[in-house]
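The following pair of complexes shares a single chain, chain A, combined with chain B in the former and chain C in the latter.
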Partner chain A sequence: MTSSVWPALAALVVSAVGVLALLLAEKQWAVIAIIIAAGAAMFLARRFDWNERIRRSGAANSRKVFLAAMVLVVGAAFVMREHNFALLMLCTVMLMMVAGLGLTLQFGQAGVVNFAGAAFFGIGAYAAAVFATKTALPHLLVILAGGFFAALIGSVLVLPLLRTRGHYTALITIAFGILFKTFLEVNDALGGPQGLKVPGFVLFGHAFNDPIEIDEETEWSFYLAYAGLSLLLVAAAYAFVRRLERSWIGLAFDAVRIDETAASAFGVNVAAWKIAAFSIGNFLIGVAGAAYAMMTGFVAPTSFTFGDSLILVSIVILGGLGSALGLIPAALVVVVLPEKLQAIQEYRFLLFALLVIVILLVRPGGLLPRALRDYRVGAPR
Partner chain B sequence: MRLATLLITVMVALATLPAQGKDTVRIAFIGPLTGGVSANGLGGRNSADLAVRLRNADAKAPYTYELVVLDDECKPNVGVQVATKAAADNGIVAGVTHYCSTVAMAAVDVYRKFGLPVIVWGAVLPDITYANDYKEVHRVNGTMINQNEAAARFMTGLRFKRWAVIHDTTDYGKGHNKYFSEDLARSGGQILGTFGVTADQQDFSAELTKIKELKPEVIYFAGLTPVGVRIRSQMDKLGVKAVFQGTSGIVSDAFIEGLGPLAEGVVAFREGAPAEKLPGGRVFLDAYTKQKYPDDPEAYGPFAFAAATLIMDAIDKVGPDRRKVRAELNRTKDYDSVVGKITFDDHRQNAVPLITRFVVQDGKWVVWEDSEYASGKRALVKK
Partner chain C sequence: MTTPLLDARGLVVRFGGVTALDGLDLSVAAGETVGLIGPNGSGKTTFFNALTGFVRLAAGRAQLAGSDITGLEPRRIAAHGIARTFQRLRLLLELSVFDNLMLGQHLVLDHGPWSNLFVRRRFTAEVRRQAEAARALLAAFSPGLPARLFEPARALTMIDRRRVEICRALIRDPALLLLDEPSAGMTPDETAELMTDLLAVKAQRPALTVVIIEHDMAVIERVSDRCVVLDYGRKLAEGPYAAVAADPVVRRAYLGED
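The block that comes next holds the complex of A and B.
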């Protein structure tokens, strides 16, 4: 059973054009029109049963579609080369996806709840701030160090995590998030409540914070460089998480999530896999935090509150628990929509929350729920 | 589906702005419209909006102004995002920006990078103007330095000599402690002991027992109303006899309601005068009331109004060009505004900020000069 690449490719191109239009839309009516169009597209796709065809075509040609998606992002970034703000949003979406990938691995695949996502994001951000100012570590390594530290500090939570289940685990992570923020506020060495400046990213002598001068007349946004970096990170994280999911490790994660007792009866080491998922997830979240801090140039404790952790969790749930692909539309909705609704000022979160509720009413399993594993002969993998 | 239709109608209605004949110039307002300090953000937003409306109602004004309002949520990461949005938009000429100090600290680099002239209307951290030399960044409100300088000078002027300091461990309390201690040393006062407390601490008997032994004349408290109320009432229980001196954080009605008669004789300092005492304050308040905004202007509303007016005056004079507006704002000297004269120093900080001294008299915050304490009828220290 082979499937043509075209349905998936067409869906991809249509979505990319929509996203580009949303990022560049400035007028309120344009934003509304795009939201309605997206809703209509979803409705039509369901009506004519395109979803299944697109899914199958995408699954059968995953490598090609993945490459096409990367090409499309590069193309979109190029179109926006002089629009600083739109590029900043694009980078933010991609970095939030990296963090979301980490969280979905913990939450949706291995079933380890983590309500301290923002804290681990913050650990990465602060690690980047400290390493980039105090050491001469190359910045690519600084970003990895952010992930490493998030995983390392997360390991203090391992013991309580293994001893608790469900709501109690959630409570532990919430407590950790609050602890982290308070620690930052009383700790003057890390800037205290006022926060720290973070130097911009430098790679092989090119400072990412400098605009890219093409000639006398044209100057491309410096965010273009960050878009490249974010794309690299998100592509690597996505490929990594997807491969993990499809491997025997992913199977072990699923077993641990669905039934711990049954899993251990079959010889799956529940504790080891929980620790693995938690640490890998924190690593990804920390990497995202480090890159984000270097891009925005400033870290402060107020950016890493419990509320921000909930936003990360909501990205994961909105996309569909455990679904890596669903993170793309979910991150877009959560990051870009509140921003595009700035014109209605203090009411924007009201409307944004309403939209999220409407989406979950229509699609209770998330925007793009995780597909079931299919082991039949010839099934797309 | 009906819900969606309703939403769309509402949004389209909100998006449609009245079109007018003159050239339209856009200026940005950035402040916290959602979250814990949104009252201040909304007050500032309304005040800036009022300034724009008054200018647009004036037929002689060369341009029509449009206020682009952005919400920074009092979070630095969101602040950088909206600052980028405003600064990268070449249609926006200048901005009235930020109430929260951390947000302002994070955003000033963005304004520098994109060359957007801004006036800070509420953030009090000195570093926003003094830790950089960005020609884009101005500030109309005073800083913690001004407030504490005035406080130290005033209190030593009343012949107090010995202080004990209690501050909360937020940036607010820590900053105030730092500047007050420095200024007090300069004015000849002596600090017997400094105590840091957390912003949600309930019991202060340990600190206050120590302070009782030290026998200070004044207890300086840097923090906000809830902790201030607790400390003042526990002072009374433990029999600590000292004048209670606070910062802008306790100048609120809740402080007096929480303490009752115990509040009598508490002194505190705040940047800016109460609106009705300001040169143009009455006019401002009347105009504000006339627009029927649902929220109060709050303490910093007049500064947002002054900042927006200053920007529009500059644009009226030199045209909607960022560099020219920046140069014009840099030159501001003895400019008359609702918050008094504005003159920017070499770091574009308003050099003549007004600091008002308050004392609680008969259950009200009274400006010191009008109080019976100043006229000698009552005394802070009972003989």
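The block that comes next holds the complex of A and C.
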């Protein structure tokens, strides 16, 4: 099957321009115009059946499209080089995607519910604070340590998770998230309710928190360096999760989610695969938390509430359960829209809840539903 | 006499007050096809569930090819070479036909992260090999099926879903194949067709041992070497189809005749 790369590339460029415009828009009417334009574009794509062509073109040229997407992010970051806030949002979207990838692997692929996403994000964040302050560990490793600790502490939940089903599992993770926040609030060594300062990221002697001076007049935002770091993390996490999905491992996750009985009848070790998915997912969520903490320079218990966990879950549901690609529009909607639309800022939780309900009712597969597994993608044919 | 492939002795299964299996003895020789019949609720499915580890035995033991499988987890029993279908179809409908068949191959596939994530060339070579084997097996059941390998199982008709479920159980070349009412939900013509395919596959694999639960007596007559009748979790009769069908006790209990 040969399919031209152009439809996917065109869709990618149009979307990137739209996102860039949204991130840089300052006037409310401009923001609303961009949202309307995005809606119109989606309507047209549907009306003229472009979606299927774009999807096929992307699937057949996944490597090229992946690289193009990275180039576009770099380009967009460069355009925003003097806009701190726009860059911060871009970084946040990418890090939320990393966390979303972890959660969609757990929840959407292996069927292990996790309503404590913010807690694992927080574990990564606090681990980064402690390791970057108390040790001389290189900062790339500090970020990995954040992921490692999230996976490690998550393992206390493994036994209860394996012994319960459905709602009970959800309740256990909710309880864990609340306990985690309470633990932070009363723990003075971790700064109590005030939280901790987190040193900025340093790589090969370059401190990411220093502005980038070009000449006397021009100074680029220090978030540019964090955009690079976030892009690196999200690209690696995305490639990892996609490959996992398109492998026998991904099939085992799906079988465990869809039908434990059928899976075990054919020799699948249901418990082991659940543990694997839960740990890998928590690792990714922890990595995102660590990077986010180093970027914002500060961690406190109030950032890791049950509400924040729900936001993560809503990103995953909005994008489409198990869909890695869907996380891109979902993270954009959830992170950027409330910042840009002052009118909805106060009602964001309410609106996300409504949005999730609407999606579940009218489009249960999410914004970009997960496609059937195609094992051949990502390899020479 | 050589040891039977399957040897179950004194199986007892209780659900609360109901005794679904009441001291059932059943053995099956290698290569044999046994038809398991009996009225609704007589414990046929429970027998399969007990053998494959899905319900707990209150008493009794089961051996497969001389090794004890009593009380093992389903996945361990699968590793001993038992594969089964389910009375109520258990295909993974949202996955492709190929994915479903590969679930049947779970114990054979290489799940190592190295080949799955990094050496994609080796991985895709395995995919290609498996796809070929899957196509060949599907073709034995229906010439149209191989072309639908990468379609969602949901898109298939009932008979094709049944075929795929049987292929999923067959693909790993199990020692013992347990078929639970494969004709459920199909027309008599479709059932006859399915049985023809099954007999053809069986002819190619003389070592394959099959226990088939069926309510359709014509099917049992056609495919089974021997027939076992259950009633209230006990063995009511056993023998060649003709003898069992003529047995007055069986006729009274099962065929509802006096």
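The working rule: the second predicted complex is superposed on the first by the 351 of 381 C-alpha atoms of A that agree within 3 Å, B and C clash if a C-alpha of one lies under 4 Å from a C-alpha of the other, contacts with A are read in each partner's own complex, and residues count from 1 in each chain.
Here is the rule we use: a residue touches a chain if its C-beta (ideal position, glycine included) is under 8 Å from a C-beta of that chain, and two chains touch if they have at least 3 such contacts.
Note that the structure is a prediction, hence the values are computed from the model and not measured.
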| item | value |
| --- | --- |
| Touched partner set for A:T302, first chain B, second chain C, both or neither | first |
| Partner chain in contact with A:A262 - chain B first, chain C second, else both or neither | second |
| Touched partner set for A:V79, first chain B, second chain C, both or neither | neither |
| Which of chain B and chain C A:K27 touches, first, second, both or neither | first |
| Which of chain B and chain C A:Q345 touches, first, second, both or neither | first |
| First (chain B), second (chain C), both or neither touched by A:L159 | neither |
| Chain B versus chain C as contact partner of A:L372, first or second or both or neither | second |
| Larger contact residue set on chain A - chain B or chain C | B |
| Contacts of A:L141 with chain B and chain C, given as first, second, both or neither | neither |
| Chain B versus chain C as contact partner of A:A207, first or second or both or neither | neither |
| Doubly contacted chain A residues - partners chain C and chain B | none |
| For the chain A and chain B complex, residues of the former touching the latter | 27-29, 32, 36, 39, 83-85, 88-89, 92, 185-186, 192-195, 197, 209, 292, 296-300, 302-303, 339, 342-346, 348-349, 351, 354, 358 |
| Of all residues in chain A, those that touch chain C in their complex | 240, 243-244, 247-249, 251-252, 254-255, 258-259, 261-270, 372-376, 378-381 |
| Interface residues, chain B side, partner chain A - complex | 3-4, 7-8, 11-12, 14-15, 33-34, 38, 42, 45, 69-71, 74-78, 80-82, 84-85, 88-89, 101-102, 105-106, 109, 113-114, 125, 127, 169-171, 174 |
| List of chain C residues in touch with chain A within their complex | 52, 54, 73-75, 78-79, 83-84, 86, 90-92, 94-96, 99, 102-104, 106-107, 109-111, 113, 116-117, 120-121, 123-124, 127, 150, 152, 168, 172 |
